[in-house]
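Read the structure below first, then the notes.
Labels run A, B, C and D following the written order; every chain starts at residue 1.
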């Protein structure tokens, strides 16, 4: 009984998911792929062995051979495709963001809550990253005591031209917000943004620093550095009452060459989170449509956007901003 | 088109392979399991969703729903089951050792060579370990120059009662011999064993040291320490003309607690080589029955045993012993 | 021509300085020691070979055999002894703080400025710590580009009973303020304090976080955790335009034991900064009384206190507080 | 009471010792320096503030203002100068080797033994290196159990033109032999040399491997790689019954730049063993002429040469060679 997965979007992310589904996932097959650029859909279908390709994502969702949908199309199309999946009663894994604004994400939450069943998962893949999982497990194990602080840094090599300082928060730090909530199992209640003088020759105010406070009083400082140049790097240290834990670096062997002992960095997130993407998709397939499936729910997608909006507001106001959340529907508790 | 895999042996290794096949492998399913203790086979079948369980491995091999066979039964049964797979024309992945002696392994090589097709793969899973793969890839990349030496250590927590010094070579160092051949892409031509005074209260002469020489003149020293107590640990440093590379440690995050900054060791090989086992089985399924499939061939299984026999001979003689190999059939070149 | 050094204070710090002077310093000898508890002075004099011991620090300063003075007496006595040294025209190395308040430190700055000669050095020994020195040298070297952020953490094992949250800033973070100014070669212009929920069972709000901004727009977050339990640990990462640098850990060799690969932490600052103390005293002796001698000047001592006072003010107000400095006398430029 | 030290030899090593004595040592001063090239002696005297310079080492030894002698002249002159020091009754610290052959070193041992007083120390500075000291202290502490193996590597960037394979043993591995004896507190009884195919374009058979056996049955493998290119690097892992310890790397902070996280290597031994040289000289001054002063005795100098000769013999014979030692005079026990 293999699950037929349809992928919407045949760009970099969609193609990578197609590769994962077709080569690494137990219990599923790559049924179909759609892209507004049908030639691109065709190329991915052929490369990764999908039976069909389409131009129309809605038609893919409606197809009988598609049991579940993975959305990796442009951000602004996510919400409509997710709604269509809800309408069709098909489980969907949607790349983040769920919707362009927290308000729009909330309408998806409400629509799903009405249905009484969690069909939506949001692609916050870090929850499946073995180093983050080890950190969470260690915290739960209790040997370190309660969490008190988290120091984290999110560094990319460089930003695309269109990237603006608020994207550092809405596109990048949003991963940090989700993982903090998941790691600490509580809400972020306030965010304050600080701007450094910034690197020369790139977008203004890069890197940024965000100080987040959780409901219980944990402090988390988040550096977001989009033009960090040296490599893709995600760092975190969890500070607890009795000790601390650092996020593991990707597996690599020290090389001693030309005057240095060195470890390489991957150029982007695919090198860093390859295991996380595989485990995310496998776990989605394994618990398809279950309310307590692992991974981020629609509610989690909404909250991450709401925290990001508080962060962007703070970036503009220069003040500490509180995060205001809607009432959480019973479906998500 | 899913490949039906039959597993022979429902002990620790067989059950772990059943888990992997049923939960992590694309393009295959767990068709059947056999064990002389049929209750044990039944338990594994139920836990991991095999359609059938049997007491008789030969019957499993003959089953129509079994397209390929994974042998994880007691060592002394391997050769007969592998021969039966050859007879049935079914691809087989056999846990090491292929046979109790190099001479017996050679008869399997010869039988396969006659068939003209490589159906046998031997479970030297380290070839699929990402840290070893990175080391090999780096060596091939050429930035370090040619290989000159390898320093390696193989450490277990403790030995079972029956373990004898020669098992340090035939059961443990045999992994080192295979990975050295694969890493350096050449044969080991001589081995000299050295005995230390040994740890107190355990089997004699543990740890051992082996100095291996390859055809081109690379030297490799191998420490084998079966009662190393502190954890399961596999170390290697590749020394080349322009630099060196160390084998990566398993992914873990530094914990600062009780006066120390520490990284944990796994208790045994399953924690260390979890990725390697998964990748080994996936790659076997992906290239089923192809002559140039990745992984160790029957010839490789024979050679590893032949090197181990030279090592055991040196342990007894106290002299450097040359490795003598049969003529390599054309099927393996 | 050996310099006779008189040590005021025969407690833990004074005794340690006496040990350093008498055993590790070229060009100086341990001439005399004073302590209000003369028995304590006598014990240190005998142990480390001083010619004389006294009860009265002022008398020590006046002694002909004392060419230079090292003050390690209780904090509240520092300012008066420093003034006496200025009066006697003798070089003095004063343990931090120079005075109980920034205002009082400023009177010492003004008194020294009138004299036209820098006789005062303040014991911010981190400036002599080889890891910090390497970080500063790397930054100056330019390969990393300009500094943009600093992430730092100051962790002690536990606090004495009298310790209050503001001491986390005035006694501990003050070291961070000095080293940030020295590392970045610019002033801190604002500080904002954040309180975490705090560790249970100890003083309130431990750990704290401070976000500092420099004149050019570098951001520095400082964790101060006085009851960190696991060891004495000082961490820093300098984030620059092209890369980052971490503060080196003290020299130690990995131990693999009982399931872990581990590095030990020292219990307190003496283990961490042993080299820094030696180099501080040697460099003081080498450049005795020179205006451009390395180490923190009276002005630096004043500024560190002024930044600490802004930090304490922020802790109370919950707001970002600006650092206000007096006009810098020409003697210090 | 300052000790006047005379330095024989104003080359690289002599100049470095002059710098150390004149700037870092408590209780001593740089009294005089001699060199066959008197201009060189004069330059070092002026740079490091010696009162006198001479062309004649024997005259330096005889000088009244020289209380103790440090020999850093060419290897072949060591033995005669050491004998002169014995004749003058002056303590001497002689750079290794004590003499060109073990037999000649033995004559110095015998001469000293007759005098009944240990005046000679040999410059095996690694005994004062904090990482080696920590390893020895940890071994003595007992938590790791008894020593069973040592894995070590000695790597230089490149060899001078005159360097031959046997110099890898007599000039470089000799440091390893001394430190093994000191670390394990027992004698090396046999050595077997193994030649790798060697790096291309340099002296033959570089790197070498030596397998040493101690009296109690500890095995030590030593890689000596004189043209290792990437940096000056000394590695060691001590393998014990309950765990292992690695030799610490020199203090350095990770730099993340250009795709890598990296630590630098020093180009030569001075960067690696700067602390060791300082501590060696300070400890020599502190315990001048005492029979139980720390550091290598004349006997230790003789034994290191004897082990090296067994190593060179094995390099030629291809066989395991036993180390044969003279009777140890009572003065050294």
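Miscellaneous remarks
In this section, contacts are C-beta pairs under 8 Å (C-beta built on N, C-alpha and C of every residue); 3 or more make two chains touch, one makes a residue touch a chain.
Model, not experiment: these values are computed from the prediction.
The chain with its CA mean position farthest from that of subunit D is A. By count of C-beta pairs in contact, A-C exceeds the other of the chain pairs A-C and B-C.
For this pair, subunit B with subunit C, the centres built from the Cα atoms lie 57 Å apart. Centre to centre, using the average C-alpha position, subunit A and subunit C are separated by 44 Å. Shown for subunit D are the residues in touch with two or more other chains, namely 229-230, 242-244, 256-258. Residues 230-231, 233, 249, 256-265, 267 of subunit C touch subunit B in their complex.
By the touch rule above, subunit B contacts subunit A in their complex via residues 2, 22-26, 130-131, 134-135, 138, 143-144, 242-248, 250-258, 282, 286. The residues of subunit C lying in touch with subunit A in their complex are 145-146, 148-149, 151, 153, 194-200, 207, 209, 211, 213, 216-219, 221, 223, 225, 228-230, 239, 241-244.
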